[in-house]
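Read through the structures below before going on.
One chain, chain A, appears in both complexes that follow, with chain B as partner in the first and chain C in the second.
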Partner chain A sequence: MISEGKIAEKSMDMIEININKDVLVVGAGFAGLDSAAKIAAQGYKVVFACKDAELPDSGDEFKKFVESGMVEIMTNTSLDDFSGVTGDFRATLAKGNERIKKNFGAVVAAPKYSFEPLNADYGVSLNGKVISQTRMEEILADPEEKEKLKAGDGAVFAFFNGLARELDPCSTERALRSILALQDIENCTAYMYAGNVKVASRGVERLFTEARNKGLVCFKPQEIPVVEQNDDYVKIIIQDPVIRKDIELDPDYLVIDELMNPGQENIETAVNLRIDADLDGFLPSNNVHRFPVNSNRDGIFVAYSPNDAANVALRVKELLGDGIKKVPMDRGVVDEKRCTICLTCYRCCPHGAIFWDNGAAVISTVACQGCGICASECPMDAIQIGTFSDDDLNENIDKAVVSAENDSPKILAFCCKNSAFEAAGAAEKFGIAMPAGFKMIKVPCAGKVDVELVMRALVDGADGVMVAACHEGNCKAEKGNIYAKWRVNEISRRLEAMGMDKNKVIFTNIASNMAHEFADKVNDFALKLKS
Partner chain B sequence: MIVAERKPFDEIKGMVAGYKKVLTIGCGTCVAVCLAGGSKEVETLNAELKLNFGRDKIEFGSKTLERQCDMEFLEELDEIAGDYDAFVSMACGAGIQFLAERFPDKPVFPAVDTSFIGVNLDVGWYEEKCRACGSCVLGLTGGICPVTMCAKSLFNGPCGGTNNGSCEINKDQPCAWFKIYERLAAQGRLDQIKEISPPNDWRNQIPRKIIQPGYEERVKALG
Partner chain C sequence: MSNKTGTVMVVGGGIAGLTAAWELTRQNIHVELVEKSCFLGGHSIGFTCKASDKCQQCGACSVEEMLASVVNEPLINVHLRTEVKNLEKTDTFKVSLEKSSVQVEDGKVIKGFSVHNSPLYVAGKDCADDDLPSGAVKIDDMGSTAEIEVDAVVVATGFSPFDPNIKSTYGYGKWKNLITGMELENILRENTFAVRPSDGKIPEKIAFIQCVGSRDERLGNLWCSQVCCAYAMRMAGAIKYKDSNADISIFYIDIQNTGKEFPVFYEKIKSDVRFVRTIPVDIYPLENDRLTLRHMVEENGTPDFEEFDLVVLSVGIMPNEDTDKISKVFNIALNEDGFLDDNAAGTSGVFVAGTASGPQGIADTIASSGRTVYETMKYLGVIK
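So, the complex of A and B:
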């Protein structure tokens, strides 16, 4: 079943290219300095640029690299312009009126996020008694203020955490670290009023257990607590659903949780670097196929949490190596004569691998991941993907449909090599029965399947066409599955406008381990086409 | 660029029914850029037509030219034109007419509706910006065209229908003159708004011709 319809992947010719080995770290997030030091330790020169006038305390290792010239520091500096691709990024850095052009092989964004106290969620205002988590941390960092907490009977702290909305493990961790610090101060006690205590981050579960063992009292109220407050008094009232009584607490301080805010500066960085943010606006966008520090663009990394610096350094070394990189020659090739620089490919490429030069689009062989979204969107068919050229695909479609001539219904499935193609392979190994007329075409990503290919299969005589893609949010090419879905919907509309059955073409999401589900979907489709 | 839109399938189908060999001709410039008439759209339309008519009833060929508004590129069709008894053009109205002019004995059918002169907001998303009125006032209006953006194409200030920044025809349509006011004010040249533009000489009653300066003699020599 698979052998007939699939494309034999040709071997790709490789070439060696020289890449720039310098690294730019941009943004003053605390993981930035650490990343710069760790990258310099691998032997790569680093430029550390940030908008701030002064750097936070950076540690001895960092200072050593600055002295030796491995790390160049540029304060009061912002990223003014940015172009190029992995191994060859061109940055213009702005320092006052000065514009400095520098080239880099890799870039690390070290975002700094701000915090916004959620007191409005609880209908309270911040004052000397009701304080934000940030203020709490300031108190703990100041020896004098810390000393004052011991005075008299000591101090009682109540922490609100994720009561009005779902927060994240970062917020839980901040509260727990403050609570543990307070528990170490004589006469201090802590209470926590939490919605869901989020512990799904490294070591947070341990912090929570430790705090409880040291006497932290937790409440999980069913409703947002009632808070009474004035300048020198605060009272928290919750209802205990078991004893059906109000539980009152008048702590010395009520600490309000905070929401992390991506901020304008990070949005600007993302726009400049052309990398995607996640749904909440934080960098980078999420993709299970990437390491957490990798962005959607090859060669651009994001360091935010303390763990990120070491990971970024590893990935940078993997990328830059000794400055020579082997890349496939024809992953994506533009026919300059056909290209009309409409910029569609540049705008659609999920990896920022396309730019334009000398009147035609250029696909970087280093940055291109070969998904084929550009080729499918190109209105002039000017882009060919190395092992999945239009000629090859057309030939395979024709052959597949012809080979199913005596079977009914003839079903052609375009299968993403990362998911559906694997699922179908597994289905065959499991010996699951498939309709006799079922044939497959392997594609690098469902995003490579365009209207033209599907229509060709129908013209050839296929009774039904299926486009099988990875699940949403699980596409290696970020949006290939979404493009595929849009296109299938468009084909359905066109078929309907032609007075044909719009259900001849279907889109489906399949994961590589869904052999049975894939077979079920194909068999269901066959049944529907028969009726 | 000129922006066009594919015609509904039924309309195209109706035009070509009855012919035996049809050549669908794409245009590699404006209509390719606006994803309406490049080679991909040619192939897709042909596939739709083949699916509709069946493979044997009508034969559909395809060809995409650099531009259909230049005779030199149209010349590429001379050799193959004889093989077909009708053309479907996916170019703008100008290209379609030039094609019909080159092959006067051939029925030429439009597969797109030429819509406007506009800009590319994103992939597949366009907005009209210019009506080709022939007397540009953008210098006085802060770079915002009142002919295109104002429902009444007013040259000198808003009508009474301006409504808190919106046009009276539609709340989502900004009032052109409100936008012009804002832009000029921000640039500190609001005094210009008082300058009166003379009524436009709507010369588009007959086909307009332009000869760029310096080419008059060349055109004259061509007769």
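So, the complex of A and C:
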């Protein structure tokens, strides 16, 4: 039975602390003003800081809050220094030579991004004939320029869309809206040269159908078209695979698609606030646990869209409430006498929860998520995690190994409470067959499992040890599973060096919803240990 | 604005309804959660993990986590196998609940996908008590006929997957190894590996056919379902990772993005899976329950035939089959695609969340449901 080996987590005492109720919004991205207004509406004071000299059109609601003083606007301002933790962030804002220090309970990152035309990908430069999508929209918005299109024989427009890069539905929608507007102008015709037409957004497929029904011809060439260009001439050549002939077009305008570009501001914001970005340079990291507006740091939220702004308002209200927050006491504790201020824990804490005081590292009770990575990495063994102290874990290991059935290999699995522990519990409850000698130890994150814990299980008499973590990219603590994997590799190396079977210890990834897969993995391991 | 009862009714317990219920309780609002079927979680509670060497951010485990939070939240009262019979608006809403018509076949026992489902098993009529797994509940004992009073209503009744019988040339239902994406999700969840329904063997050649029922002018379905490219590619990637012999083809019109970091994901999947830009015309059976697809070759427009061990129809997101009834009971207009119109919401006190209002994946559903809750709380005056 698994349940015997499941050792209960100690419950934790809670304490109430006072938190700051002001909110900092950084960045004049589309959702920044929206977030600021929605937060101010909840009665929290907002400082809205952005590098720009002027704000985009902000709407009446926002202006109302500015007038009433609930929103303070700081333009030409950047974040010079940033420290502290959720409920008590300390920011130094730089405006010219001025340095203004302010404290905040929560922070919203709403960095700007831009749209960049992809003409370089097609080897063309923008001129009067080769224009960007933005320029196209300007022409259509200007009655005079639009009038000119009507004169004469009309005009032929070619749109490039997603030929060199994967775009997004927003850019397809922009192109289609321009095309539909052109189709309403007498004698204007449009062609589209597309890669994957991105229609995965509400209403876009309908626009695409409408445009085709009104005469849009859409080519999907296998190769990027060849474009010949000079000042007053542009020609597009593609190969038609069916008739095996070149199809040539010399349009009056070639409209170049634009790609969303996170630019510098996103990365700067990530670095300043010590939050993760994804591979494309947008915030936060690509991890489902951040849905929809969380970052890896408690109290710092990310907003790009109207949906995000609404969610940010909910999160901020939940966090700040009436200024009092209940938090677990002693989630992680540093033994000041042992700490040598080596900075290891500060660097590896994924949630930015560690700071310095009186010559020792201090773990913030509010910001700490209790993952235990710092405790396993600290070279001085100076850190203990409240509900998963080394003493408790050692005791659990001893008990589990002693109680495991003897007739099959004794397997001890260290199971991350977010994934493997859930999957194993489900396997048990659904009655999926598991080896009789299987026992598990619940850990807050696989990143808490260190070499000593695994070795103890082996010394106690476990035939095999499994460290089961979330999939890479799915760790709530971002890298706990990667630390665990390194450590298991290290243990295998040591076992081998000692002349022991290195396959006694394995590392595996599993998701919380995969009971059968987890059982398969444990059963496989048991078979291997037997042979 | 009214906040008399301090209670909101959420109708539908998929990820949209679960998110809405959970978010409402974050602001101390009581929730009456009404779910038509015997289990919470909706379609996505049965999905598989699609990780390869990395998590592919499909969101399936987020649904699991949300369900766990909801069932442990004392402010949420769940009514399973229940529907709203009548809704009467005064300054609050007076709601009559009724047992839903959902049935379990006589003598059969069905099981929830998630361990957080409660009950875990539901038995049809004529099941001997001794044969029942522990904790099983009989279908006739489920369902609520309570009369409740609430301040506002969030309708999160979700979608129906496209019925592949409508595209008759594929012969769904006739050939054993022709399945839908929904079935493949469940197979992978319960078996770890992809297996053929006909013999339980691991298929070597697998085809996915995209846009089944979506983006189809003939059917009048002028929308992209937004999720089927993502789930097909992610499942293909997961299958390939576990079985490097798998030979997988995806037949498609346009590939849609999966979410963050799509360019990196797409480059990788292109090296694992063959992409063929055409939609097969029809499917014929062969010996050994194999199937042959007929499609037009992109390069020269001539027909080609290709054999597969397993064919997966990437069915899309259609309006809930009960939409007409829902629209009447809750007095919500339909949009031009036949989903519930979420623009009208705001003053009436009835709000729409999730795929009930149109196609979206789990991540978008979570985000948009948060927004729906924001609007609902504004209506209640709980937030300003």
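Just so we're on the same page, the second predicted complex is superposed on the first by the 458 of 531 C-alpha atoms of A that agree within 3 Å, B and C clash if a C-alpha of one lies under 4 Å from a C-alpha of the other, contacts with A are read in each partner's own complex, and residues count from 1 in each chain.
Operating definition for what follows: a residue touches a chain if its C-beta (ideal position, glycine included) is under 8 Å from a C-beta of that chain, and two chains touch if they have at least 3 such contacts.
It should be emphasised that the depicted structure is a prediction, and the values quoted were computed from it without experimental measurement.
In this superposed model built on chain A, chain B and chain C occupy separate space and fit side by side. In the superposed model, A:Ser408 makes contact with neither chain B nor chain C.
Of the two partner chains placed by the overlay, only chain B lies in contact with A:Met500; chain C stays clear of it.
Put simply, if you stand at the Cα centre of chain A and look at the Cα centres of chain B and chain C, the angle between them is 140 degrees to the nearest 10.
Within the superposed three-chain model, A:Glu517 lies in touch with chain C and out of touch with chain B [touch as defined at top]. By the touch criterion stated above, A:Gln42 is placed in contact with chain C alone, chain B being left untouched.
Residue contacts after overlaying the shared chain place A:Thr340 against chain B, while chain C stays out of touching range.
Touch criterion met: A:Ala310 reaches chain C, while chain B stays clear of it. Once the two complexes are laid over each other on the shared chain, residue contacts for A:Pro379 go to chain B alone; chain C is not touched. In the superposed model, A:Met455 lies in contact with chain B only, and not with chain C. Of the two partners chain B and chain C, it is C that touches the larger number of chain A residues. By the touch criterion stated above, A:Thr134 is placed in contact with neither chain B nor chain C. The least CA distance from chain B to chain C in the superposed model is 24 Å. When the two complexes are laid over each other on chain A, chain A has no residue in contact with both chain B and chain C.
Remark: chain A residues 338, 340, 342-344, 347-348, 377-381, 450-452, 455-456, 458-459, 494, 497-498, 500 touch chain B in the complex. Every residue of chain C that touches chain A in the complex is listed here, in rising order: 23, 26-27, 47-49, 51, 53-55, 57-65, 68, 111, 113-115, 120, 133, 189-192, 214-215, 217, 222-224, 226, 229, 254-257, 259-264, 266, 277, 298-301, 336-337, 358-359, 363-364, 366-368, 370-371, 373-375, 377, 383-384. Interface residues of chain A facing chain C in the complex, by the touch rule stated above, are 38, 41-43, 165-166, 168-169, 194, 196-206, 209, 220, 222, 241-242, 278-280, 282, 286-289, 291-293, 305-308, 310-311, 313-314, 317-318, 418-419, 422, 425-426, 429-431, 470-474, 509-517, 520. Only residues 8-10, 13, 28-29, 32-35, 38-41, 43-44, 47-48, 50-52, 55, 64, 120, 122-123 of chain B touch chain A when the two sit together in their complex.
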